[in-house]
Amino acid sequence: MEVLPLAEAIATHVCDGQSIALEGFTHLIPFAAGHEIIRQQRRNLHLIRMTPDLIYDQLIGMGCAERLTFSWGGNPGVGSLHRLRDAVERQWPRPLALSEFTHAQMAVAYQAGASGLPCGLLRHYAGTDPLHAPGASLRTMHCPFTGADLAAVPAITPDVTILHAQQIDADGNVLIRGILGAAREAAMAARRVLVTVEERVEALPAEMNAIVLPSWVITAASIVPGGAYPSYAQGYYPRDNAFYRAWDEIARDREGFLAWMQRHVVGVRDHAGLLRALGVAA
Amino acid sequence: MSSPDYSRDEIMTVTAARQLRNGAVCFVGIGLPSAACNLARMTHAPDLVLIYESGTVGTRPVVLPLSIGDGELAETATCLVSLPEIFAHYLQRGRIDVGFLGAAQIDRFGNLNSTVIGAYAHPSVRLPGAGGAPEISTYAREVLVVMKQSPRSFVSRLDFRTSCGYLAGGGERRASGCPGGGPSAVITDFGVLRPHPESKQLQLTALYPGVSVAAVRAATGWPLQVADTLESVPAPEPAELATLRDLHARTRIAHARPVHINL
Amino acid sequence: MEVLPLAEAIATHVCDGQSIALEGFTHLIPFAAGHEIIRQQRRNLHLIRMTPDLIYDQLIGMGCAERLTFSWGGNPGVGSLHRLRDAVERQWPRPLALSEFTHAQMAVAYQAGASGLPCGLLRHYAGTDPLHAPGASLRTMHCPFTGADLAAVPAITPDVTILHAQQIDADGNVLIRGILGAAREAAMAARRVLVTVEERVEALPAEMNAIVLPSWVITAASIVPGGAYPSYAQGYYPRDNAFYRAWDEIARDREGFLAWMQRHVVGVRDHAGLLRALGVAA
Amino acid sequence: MSSPDYSRDEIMTVTAARQLRNGAVCFVGIGLPSAACNLARMTHAPDLVLIYESGTVGTRPVVLPLSIGDGELAETATCLVSLPEIFAHYLQRGRIDVGFLGAAQIDRFGNLNSTVIGAYAHPSVRLPGAGGAPEISTYAREVLVVMKQSPRSFVSRLDFRTSCGYLAGGGERRASGCPGGGPSAVITDFGVLRPHPESKQLQLTALYPGVSVAAVRAATGWPLQVADTLESVPAPEPAELATLRDLHARTRIAHARPVHINL
C-alpha cells in the first residue's frame, strides 16, 4: 500500500479497457475518483457497480464506458439516470453494452470473486426474465444432494475496485463505517484496490468488530476529504439529497450535462475545486 | 359531494400502511412503499421491523430516506449487515414476512416490470431494472404492490417480466417452486386489487370514497373483474393524515438542508 | 423471542434426536447450555460444532450424542479430547457416527444453510482424503462457465443452534463482540435459535457495524453470567487456559470423568453452582 | 563437545522463525508454529502479518495463545473477520504467502496426516482431524511444516492423507490443480528438510549443530536422501533465545492466572 495523490493513483492504476468497480451502496460512493477518471479521459472501460448512480451517469455521458455491469440503474428516489438512458436508448455518446443482474445475483457474483470461486449460487427462481436477459449469463445447475434447481452466477473479478472510506491509519489500514453494500466483497474480488479516505489518523478508533481493510490488501490510498460527495460519508457529511434531485434536470439534455461537467469536473483541478464550485466547501 | 381533504397519494399511502400488521418483518422498497411502511410504524404498527436492501435491519427513520441507503437508516437501525448478507441470510433464507414493491408495469396476475418499455435490446424507455425486486417477489411470504393505476401501467402484457407474481395464474407460481406466497394486494390510487383465490387474477376488492368502478376499469389495461363483495376503503383518519403530512414535511426540510464539507 | 430461565429454555426447545449446534469458535462457547442438556439427559443428539471442544467431549462422554459433525476435534493447544476418542475408538459409552469436514467446508455448509441454499461451493482440491472420508459426503461439481472442478458441501441446518453472547437489550436484540467463528451463520441456518448472555442491558452499547442478532431471529434467551466458562466472553472474563490443560487429566479415564461430571455438572443445580464448585465464582 | 545451551524445541522454533521474511502474510497453526511466527515477529520480521483461523488478521499477541482463538489474538488484531470470510476471502482467494503447519505424520513428499492412525473406520488413534490444514496446504503460496522427527511421524506411508504436499511427487501436485506452491521446508528437531527441485522428495538440507546424518536417518521412516550441499544451521543467537524464553515465560504466567467471574 502506498499513499498517493489521487491523480497519480488513477494515472498509475487505471488504464483504458479495464474492468473497474467503484462500489459503495448509496453510501461512500467514490465520486472524487470517478471524476479523476473523467479528467484523465479513460476510454473503453467496463464499469461495474450495483447501482450506477450519478457517478456512472457521468462516466457514461462523458464517453468513458463501453460496458456496464449493474443491477439497478436509476437515480434513487428521483427517477432516471438520463445519461445512462441516452446511451442505452440512443447510443449517445457511444453504444453501451449491458450485463444486467439483480442485486442478489450481483452480490453473489462479487462474493464468488472475493472467494476465489469461478461462480456463486442462488436458489433458482422460476418465472422471472432476468435469468434470460441478454448479457446476464446465468446458468441453471442442480444440487448434487437434493436435485434442486440452482442458479449459478459467474464471479465478478474487477481489474480495479475503488472504494471511499472514512479513515486510514499510519500503517495504511482503512476503516469503513456505516452502510457497506458489497464494498468489501468488491475489494476482495479485485486485482487492485484503490481507496480514497476522508482523513488520515494515527490509529483507527475502531471497535474490535469494526470493518477494516488491512493495508496489505490495498494497492494505493489517497486522502480526499469530501471524496464521496454528493454521496455521503457516515460521521462526516450527509448525502446531498437536494443535489441528487437537481441532477435530474442537469443531466436531462446533452448540452446541459456537458456544460455542467466542463464547469464542475473537467474544468476544475481536483475534487476540492468541485466542492468549492458548488459552494459545498469554502 | 365535496372534494376530499386528502390527496390520491395520501389515501394510497394510508391504505398501503394499513395492510401491515404490527410485528411483521418487512422488506421495503424506496418511494411510496417506504412512506407507507414508516407511516404504519408511526401509527398502528410500532413494532414493524423494517429492512431496507442497504442492509439496515429494524430501522426507525425519523425522516424518509430519499435513497435506499441514507445515513438516517443506518443511524436508527438495530443492526447493519452487508448487502450479500441481507439478500442471502434474510431474504433468500425466507425470513421476510412482507415485501413491499412498486413497478412501472403490472399485469393481471401481479407480475411486474421495472426493466424496459419496448424490446430489451432496443428499449423505448430504459427503466432502472431489477434491483432487489425479483428476489423480494420470490421469497417474501407475502408481497404488497403500490402503484398508480393507468392503462400504461396496468397492462395486458408486460414488456419484460422483472419479478414474478402468479405467472400465468392458477397454481403456476406454486408449481414453479417459488417459495413465497405472491402478491396479496395491489394498492393503487383508485382502491385495492387482490388475487382471486383460484385463478389468481387480480380483481377489484375495495374502492376509495368517491371512486367509481368504471373509473378503475378505464385505468386498467385488461378487462378488470370486480370481487363479489366490493368494499369501501375508509377515508384516512385525521391522525393518519397528520402523521403522514408531518413525516413528509420533516423529510422535505431535511432533504433541502445544505451540505457543508470542511476541507 | 422470550427470556426464559436456561433450564426452561432447554426443556422447551431441545428434544431427543435433534440436530443441535452449540457454536462459538474457542470464544463464547455455550458451556452452561451444554451442561443443562446433560442435566436433562437428552439422548440421540446429532451434535454439530466446528471444534467439539470440551463441551462436546462432555456431552459425548455422558452418552447424549449419536452423531458428531465437526471439523477439528482436539483440546486446542493441549492434545486429545479423550471422551471423543473413547467413543470413536472404543464405542464408549456408545458408538458415535462421524460426519467430518474441514473448517472451510463446514463454514461453507453453515453459510449455505444460513442462505437457504441446499449446498455451498468450494474450489476443488485434489489430493486430500477428507473429500472421500466416510460421512463427509462432498460431491464434485463443474463450473458451468469455466468448466473448473468445484466441491459441493451439503448445507447444515440445525434443528437448534445455541450461542452464548455478551448482552441482550430490552427489546431482545443480542450483541456479540470479539471472535465470531461461524456463530452467526450457524444461528441464521437453524430452525430455532437459543442464546445465553452475560447480562441484560437497557440498550446495547453497539457501534453501527457491531454484530447484533435481531430479537426476532432468536427463539429464546437466558441470562447466564459466566455462561461460556471455561471458554470466555470478551470484555467479561478470559479463557481459563489452566482449566483446559487440567481437562486432559480429568477426562483421561472414564471413572475420573464420570466422577467430575457428577460433582460439577450433574450434581449442581445450575451454572452458578459449577462456577462456585470450581472456585471461579464466590 | 559440551551440551548446547538451548533445547531441541528451541532450535527448532528459532530455525522455523528464521524461514519467515518480514512483511509476509502468514496463516498460523497452533502450537509450535504459533511460537515460531511470533518469535519471528518479535525479532527480524516486525511487519510479519499473522492470521489465525479464528479470523484474527494482523494479530500481535504479547503472550502466546493456547487456543487458536484466545482473547489476546482479538485484542491485538488489525481486524476480526468471521471464519467463513477468513477461509474464503483470504485463504481460498490466494492472499496467503505462507502457511505454517504441524501434523502427526508426514511422508517423503510432504503430505500430512492429522486425522487417524489406523483405518479411518476403526482407528487405533483418533487424531483431531483436518481443521484448516487441507486448505492451508492447498492455497498458501508456500507451506512450512514443523514436526518432531521420529520413525512414527516421518513415515513411508500415511494412514490418512489429510493435507496434500507434493502428492506422489514430481509434477503431480501442479497437475492436480493445487494453486499453492506446496511445502518448501520441513523444520524438525534434527534439522531442515526441503523438497528436491525435480522429484519433490524431501531431502535433508541442513543439520543442527552436533546432529549427525545417521541420527536423522534413524529418525526417518523412509530412506532419507541428503542434499548435495548439506548446510549447518547456526545455533540460536542469544537474542533469539532470550526473546523466545521471555515469550514462553510470559505465556506460562498468563495461562496460570486464575479466572474469576462475578455472578
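Each chain carries a letter (A, B, C and D) given by its place in the written order, and its residues are counted from 1.
We adopt the following convention: a residue touches a chain if its C-beta (ideal position, glycine included) is under 8 Å from a C-beta of that chain, and two chains touch if they have at least 3 such contacts.
Predicted model, so just to flag it, every value in this text is computed and none were measured.
Averaged Cα coordinates give chain A a centre that lies 41 Å from the centre of chain D. Distance between chain centres (mean CA atoms), chain B to chain D: 57 Å. Measuring from the averaged C-alpha position of chain A to that of chain B gives a distance of 27 Å.
Contact with two or more other chains is made by residues 74-75, 80, 88, 92 of chain B.
Residue positions of chain A touching 2 or more other chains, listed in rising order: 111, 116-117, 122-123, 178, 180, 185, 208-211, 234. Viewed as a network of touching protein chains, the structure does not reduce to a path, ring, star or complete graph.
Pairwise chain contacts present here: A-B, A-C, A-D, B-C, C-D [touch as defined]. Of all residues in chain A, those touching chain C in their complex are 116-123, 137, 139, 141, 143-146, 148, 150, 152, 154, 176-178, 180, 207-211, 234. Of all residues in chain D, only 30-31, 53-56, 65-71, 73-75, 80-84, 87-88, 91-92, 111, 115, 120-121, 123-135, 137-138, 160-164, 167, 172-173, 176-179, 254-263 touch chain C in the complex they form. Of all residues in chain A, those touching chain B in their complex are 25-27, 50-51, 70-74, 76-78, 80-81, 84-85, 88-89, 100-104, 107-108, 110-111, 122-130, 133-134, 149, 178-182, 184-185, 225-226, 229-230, 232, 234, 236-245, 272, 275, 280-282.
In the complex of the two chains, the chain C residues touching chain B come out as 111, 114-117, 171, 173, 185, 188, 206, 208-214, 216-217.
Residue ranges of chain D in contact with chain A, taken from their complex: 23, 25, 49, 57-58, 74-75, 77-80, 88-89, 92-95, 139.
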